[in-house]
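Each of the two complexes below includes chain A, the first together with chain B, the second together with chain C.
Moving on, here comes the complex of A and B:
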């Protein structure tokens, strides 16, 4: 593509000015690492959530009272069952239990596959209760007294994203722990065999029971897609950091062409180098820096997220109240990476090549002076 | 050109390690485990310790 001599000369010049280029390389790598790491964590979480939606109910019905989650009654269940198009309504028992000693909340879910008196816990829960010497059994303190359940199994690390803070137990035990009556449910799972009717039935449920919140499977999946509100909070700060770093990078790139470098271009022009050659030299130098920085950034982000499971960044995504030892599935969204490449490498190269071209076509005697 | 070759070699090795890691990850086993859990849970949510910020406020009241 480029003559070998020109490429060699460009690399020699690159190594000569290594301090300037090293600065660009480090900032570029930092930006790409930060953005790629956020992208990798978010993609890994979303991919696991997508796998988990296989058994998702068609409609989830919840109740609220004074803005807080509230129970649903047997009458509500029957009212939904009577709607045409609904084949089954399953009442679920779930809620939150406050573990006062550890100052954390556990998510209690009723699971009819478990026997009475037994429970399965997520590894975050197990770590939290083990710190208080609960190894085989755990005591729940309720207004009606103490309930002791045996720890039957600890959920595997692979499913930690979904059950780190969860305790599964028989629905009767869950009702006792959450102080829920036999005719009350935390949520109702509605089965609608015809997918075309789901939207309409969601509206019908809200019409029949105006105090409930009905969420269709489609909405739940859409929520998973927009799980992390990128415009808010910590993510905004991360993007601002990237933006400012990128502006510093571009300023550094432009300054690489002026001053001493302006003279260098003028000398090259006066000894017979064409405008094309000068642009080629600048292109080789800066594309080497940009490509190396981009590849390093993506590589470092991969190692950080999938080898070391994203320490610090993981807490931003998943919270830090319970110890989260997750294992992210290595997933890379190539479209987003390509977009990142285009929007970082092209401005980076343009900020050097355009001023170089402008200097190369100007009057040389002016530039040397 | 020698420098460029070394750079290419470094990235070649780095990305070989990454590809090997990605291929050796048992994503099928993980997917099966998640599916078996999801079949029991039905309505799956991300485990974030606190579902609503209101809960958090209550917990940390001094």
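Moving on, here comes the complex of A and C:
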């Protein structure tokens, strides 16, 4: 693309001013690292959410009044089962247990695949109870007495995003812990084989039982995604910081060209360098800086998120009273990275090449006297 | 043989503006190949402007400038750059070296536009450094050189492309007497190499030089007899 000797000389000139270029490189790397890290964390969370919600029911029915949860009865279950398009309704036992010693709430869910007396816990729960010397067993204190369950399994880290504070146990155990009667359910899980009918059936359930709230799987997923979405709240401040840093970087680049580099361009022009040669030199130099900074930024962000598990940033995304031990799955959204590349590297190059071109076309006789 | 013919050259800065300045008026000069010419005159007489026109650094407002049978007065940038690259070697008052680079890297600069191999580039650079008597400092940064050494580095850079024309604008203005004399002695070398040399200066030391063929006196943008 460019003559070999000219490319080499462009690098010689780049190294001559390494202090100036190092500043640009560091700022550019910082910006790309920050934005890439947010993208990586966000993408990893979205991916983990998809895995975690794979086995979610098609519709979840709850009895809520003024924001409070009430139980659902066997009659409610039968009324939903009678709707055309519904193949199964499973009564779920689900609620919150307050672990007074650790001062945290655990999400208790009934799971009929577990045997009586056994439980499966999220790793946040396990960390919290282990701090109080519970290793293989855990005691639930209820108004009717103490219930001891064995810890059989700790949830896999891929599902930790949603299961961090969850304890799964046999429904009979869950009823005992939550003090729930045998004819009552916390939620009803509805199976609808035809995905096109889910929306309509969600409405029908509410028509049949006006006091319930029916939420489709898609809505649940959307709610979770919104919770961990990278375009809202604190991230707008983060983007603003990046934007301001980037503008400072661009201003620095423009000042460099109009300052000391102006004389350098005039000298090169006087010894026979054409406008296109000057543009080529500036392009080679600044694309070297921009590309190396971009790749370094992405590389550092990758290590930061997937190797070191994003310290600090994870707390912004996963703020919770239980310590999160989510392991981010290495996922990269190439489209977003490409957009980041376009919106960072191209303005950076333009801010050098346009002023350089403007200087190169000017009368250089005064500058070299 | 005529190396350079200037016919009715005018240079007006800020033309058609209230602060228009007529820097050169009806300049007519003919310079023979291998001739060494001194442009003499006080500051503001138009010497440097004329030199920058001869070197293709700027363009005249009107008139023709024939160099080796090519009119350079209205060349587009790409040809004008090629003209400067192949035909002209500049030596400036302020040396105009690329600070931060070594002597060798400065002298290499014009050659980096070519497709020559590193071996050929090194040969040409060494030859130019030897002629300018600065080869022993080739690895040194130009910012660490004395004024005389910087001047010799600039001479080496001007010679490295082996151009037929050398243009020097006040080359001794920033040098002491000793180094000024060394530069004036360099004119003999230029002559021996067959270069056409035009020096813009008001330094009286040049009057000692035997290599000089002709003086052109300038005043207020005009040639005076």
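The rule we apply is simple: the second predicted complex is superposed on the first by the 341 of 369 C-alpha atoms of A that agree within 3 Å, B and C clash if a C-alpha of one lies under 4 Å from a C-alpha of the other, contacts with A are read in each partner's own complex, and residues count from 1 in each chain.
Here is the rule we go by: a contact is a pair of C-beta atoms (placed from the backbone, for glycine too) under 8 Å apart; a residue touches a chain by one contact, two chains touch by 3 or more.
Just so it is clear, the structure is predicted and the values come from calculations on it, not from any experiment.
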{"item": "Chain B versus chain C as contact partner of A:288, first or second or both or neither", "value": "first"}
{"item": "Partner chain(s) touched by A:70 [first = chain B, second = chain C, both, neither]", "value": "neither"}
{"item": "Per-residue touch tally on chain A - higher for chain B or for chain C", "value": "B"}
{"item": "Partner chain in contact with A:23 - chain B first, chain C second, else both or neither", "value": "neither"}
{"item": "Chain B versus chain C as contact partner of A:341, first or second or both or neither", "value": "neither"}
{"item": "First, second, both or neither for A:141, with chain B first and chain C second", "value": "neither"}
{"item": "Touching partner for A:357 - first (chain B), second (chain C), both, neither", "value": "neither"}
{"item": "Which superposed partner A:8 touches (first chain B, second chain C, both, neither)", "value": "both"}
{"item": "Partner chain(s) touched by A:56 [first = chain B, second = chain C, both, neither]", "value": "first"}
{"item": "Chain B/chain C common contact set on chain A", "value": "4, 8"}
{"item": "Footprint of chain A on chain B - complex, ascending", "value": "1, 3-4, 7, 11, 14-15, 18, 21-22, 25, 27, 29-31, 33-35, 37-51, 54-55, 59-60"}
{"item": "For the chain A and chain C complex, residues of the former touching the latter", "value": "3-6, 8-9, 12-13, 16-17, 263-264, 266-277, 361, 363-365, 368-369"}
{"item": "Interface residues, chain A side, partner chain B - complex", "value": "4, 7-8, 11, 15, 45, 48-49, 51-57, 60, 68, 90, 92, 96, 98, 103-105, 107, 109, 111, 113, 122, 124, 155-156, 158-166, 168, 187, 189, 220, 227, 288, 292, 295-296, 299, 302-303, 306-307, 318-319, 321-322, 324, 327, 329-330, 332"}
{"item": "Residues of chain C that touch chain A when the two form their complex", "value": "48-49, 52, 55, 57-58, 77-78, 81-82, 84-86, 88, 90, 92-94, 96-98, 100-101, 105, 108-116, 121, 157, 161, 169"}
